[in-house]
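Below, chain A partners chain B and then partners chain C, in two separate complexes.
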Partner chain A sequence: MNKGQDAILIILVCNAILISLLESVVPIPMPVPGVKLGLANIITIIAIAHLAFKDVLLIVFIRCLVVAVLTKGITALPFSLAGGLLSAAVMWLCYKYLVDWFSVKGVSIIGAITHNMAQLVVATIILRESVMLFYLPILLVSALVTGFITGLISESALREIDKRGIFAHVA
Partner chain B sequence: MNIPWLKTGDKILIATVTVLAAVILIWNILGASPDPDVTAVITQDGRVIKQLDLLNLDEPEYLYLTGTVSQVIVAERGRIRFLESDCPNRTCVNSGWLTRAGDRAVCVPSRVVIKIVGKNPEMDTRAY
Partner chain C sequence: MERHAGLLTRPKVEMDAGLKGLVALILAIAASRSSNGWELLSFALYLLIITILLRNDLGFIKRNLASFGLVFVLPYSLGLLLSLLATRFFPGAVYTPPISVEVTFFKMAKLFFIWYIGSLYFFTTPFPEIAMVLNRLLSPLNSIGVPVTKHLNMVNFTVDQLAQSIDRFQADTMEAARNLFKDHDCSIKTRLGALADLVVGFIVDSLQTREQVQDEFEQSAIPSGRYQMRILKNDVVALFSLIIFLGVFCSAARVELLFSIL
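For the complex of A and B:
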């Protein structure tokens, strides 16, 4: 990895942490308790578009670790790590190989669904009781909505980065 | 922009997920018993720690749980909820009152689950 990509990585990690923290400090009212927009997903998508796979995972890992320590505590860490890493991996695959099928909005929705499913599986393991079917409809619909919103923002962010050549001189 | 706003895969994805969520939701509602006799089952680590017949409560019953997370569960005639909890994001408390068979509230930090079952628990757990 060259210095330019290092710089992008650091910028994206800082932004991901800041966005996550802001989102937990300024609560956006949600109809369902526990559901949030997941705005840090925007950074993951920008990372997928501009960096190598292992750097994307590194960004998600550091973000989850720092945010867990600063806000939600360690109990939340398995949840955000499982959800974050798995959804990043699935979004990376979709973005790289299924670009004819899915727009960034679709990729983001798939990521949100993966994120929620991973959290349900971790919840089932921790609680030693299946909560899958009960929460599935609500999590599917909320993933659809939040994934679409973050996907929309990601799409315009990627377009602006390209148009203004923000990463062009460092990559 | 020459790229379509929604690609084919996007549309199929949105439609599939919406239909799937609706089907599971209907399945869950049908699976829940219309039986008004409701029993609350409280489990921790998958083990039942308390079972309450919610319709035979004349006054509120409080259940105090201590351990890594302290929390208070309150049951009244026909309903039950997490009242207080010192877990970090208090999703359990925000879940509010549980009233119908099939309702549940979950606290992950304390690994406590409250769920409501009908008189015939076999019927209600079928869907899970």
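For the complex of A and C:
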């Protein structure tokens, strides 16, 4: 690992948490309450584009842990981890191996869909109530909207980061 | 995020982090095993008393109810509504699982208590102390190649970094984003483009502090294996109250049994 690699991971985790605070000022109409834009996903996409897979997972893991400890409570951790890690893995696969099929916006939408599905499946398993799965269509529609918006911002962010060569020194 | 402030200050009642964790674990197990209304009621009362003693902030209960509602109650309610609509409009075409609102209520109440106990523990215990307990418990993993100490140190350091940078972020970036969305003349695409510029600017600026952050991180190690359980007066009171509660909890099961016989 390069000198300063730990710092990059820490900074990206902090950025993901801080950027997600911007959701409170972005007036995006959502079909149901409680659906979040998922701006933290921008950092996951940036990490996927520039860092190794294990670093991406570590960033998501630490972010979920810190957010669970600081805001939602540790019991929310299984949801955050299931959604975060699974969506990061699926986005990584799409970004690295299905590049001809998916743009950054497409990767982001796939990530949002995976995230929502994973969280709902975990809630269904914990509560042992399959009736919750009827909520899935609403979450999928929301994921299309939120994933597209996050993807739009991520695309622009990646373009700017590449132009400025910010990660050029990271092997 | 305003709740971070509470986490980073000293708790109202100081207790040993390990012992408090053990009490929380016993309570969570008891919550998962509760099976009737009396037990749930005794749980609710005990948790209310603990909350007042540890935090003296009833808003904490409201915030937890809201978070829990968003994660469990809302998806369940909407799922239930959609399943009823599906049964109503497409009878026989859609499989709807058997629904028992009473059983689900009990499950949700138990789950909420477990959720709440975890939340209360983490909100009333300084994270460095939790990290020391976890480091002590998980340190054997270090020897098999899982760098638990390093990752716990990263989490601990991230919490510190967030505390340092949140005020500046709210004053600069969030204020700029707020102004961006105040302007009603621009299209949503333009605004999202401007938001992307803002986000990129923030990321670029923060990554420029990489070397400084690395140096600070290397100097901020969790004291490895330093956790030693120290039992204070508060710990004795907590253990004593837990024993009384568990006695009441077991009695509640008998009261329910008595009522069912009568």
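The rule is short, and it goes like this: the second predicted complex is superposed on the first by the 149 of 171 C-alpha atoms of A that agree within 3 Å, B and C clash if a C-alpha of one lies under 4 Å from a C-alpha of the other, contacts with A are read in each partner's own complex, and residues count from 1 in each chain.
The definition used in the following text is that a residue touches a chain if its C-beta (ideal position, glycine included) is under 8 Å from a C-beta of that chain, and two chains touch if they have at least 3 such contacts.
Note that the structure is predicted; figures quoted are calculated from it, not measured.
Enquirer: Clash or fit: chain B against chain C, after overlaying the two structures on chain A?
Expert: In the superposition, chain B runs into chain C.
Enquirer: Looking at A:133 after the superposition, I want to know if it touches chain B, chain C, both of them or none. Which is it: first, second, both, neither?
Expert: Touch status of A:133: both partners.
Enquirer: A:123 in the overlay: touching chain B, chain C, both, or neither? Say first, second, both or neither.
Expert: In the superposed model, A:123 contacts both chain B and chain C.
Enquirer: Applying the document's definition of touch, where does A:161 land relative to chain B and chain C: first, second, both, or neither?
Expert: second
Enquirer: So, A:51: does it touch chain B (first), chain C (second), both, or neither?
Expert: Neither chain B nor chain C is touched by A:51.
Enquirer: Which holds for A:15: it touches chain B only (first), chain C only (second), both, or neither?
Expert: In the superposition, A:15 touches chain C alone.
Enquirer: Between chain B (first) and chain C (second), which, if any, makes contact with A:105: first, second, both or neither?
Expert: Touch partner of A:105: chain B, not chain C.
Enquirer: Which holds for A:69: it touches chain B only (first), chain C only (second), both, or neither?
Expert: It touches chain C, and chain B stays clear.
Enquirer: On the A-aligned overlay, A:90 touches which partner chain: chain B = first, chain C = second, or both, or neither?
Expert: neither
Enquirer: Would you mind checking which one, chain B or chain C, touches more residues on chain A?
Expert: Between chain B and chain C, C touches the greater number of residues in chain A.
Enquirer: Touching chain B and also chain C: which chain A residues?
Expert: 33-34, 71-73, 75-76, 79, 123, 126-134, 137-138
Enquirer: Across the complex, what residues on chain C touch chain A?
Expert: 1, 3-4, 7, 64, 67, 70-72, 74-76, 78-80, 82-83, 86, 96-97, 99, 104, 107-108, 111, 114-116, 118-119, 121-123, 127, 130, 151, 154-155, 157-159, 161-162, 165-166, 169-170, 173-174, 177-178, 181, 189, 192-193, 195-197, 199-200, 202-204, 206-207, 209-211, 213-214, 217
Enquirer: If we count contacts the way the header does, which residues on chain B are in touch with chain A in the complex?
Expert: 3-10, 13-14, 17-18, 20-22, 24-25, 27-28, 43, 45-46, 87-89, 91, 94-96, 102, 104, 106, 108-109, 111, 113, 127-128
Enquirer: Across the complex, what residues on chain A touch chain B?
Expert: Its residues touching chain B are 33-34, 71-73, 75-76, 79, 98, 100-103, 105-106, 109-110, 113, 123, 126-134, 136-138, 140-141, 143-144, 148.
Enquirer: Give every residue of chain A touching chain C within the complex, in rising order.
Expert: It is residues 3-4, 6-11, 13-15, 17-19, 21-22, 25-27, 32-34, 39, 42-43, 46, 58, 62, 65-66, 68-76, 79, 120, 123, 126-135, 137-138, 149, 152-153, 156-157, 160-161, 164, 166 of chain A that touch chain C.
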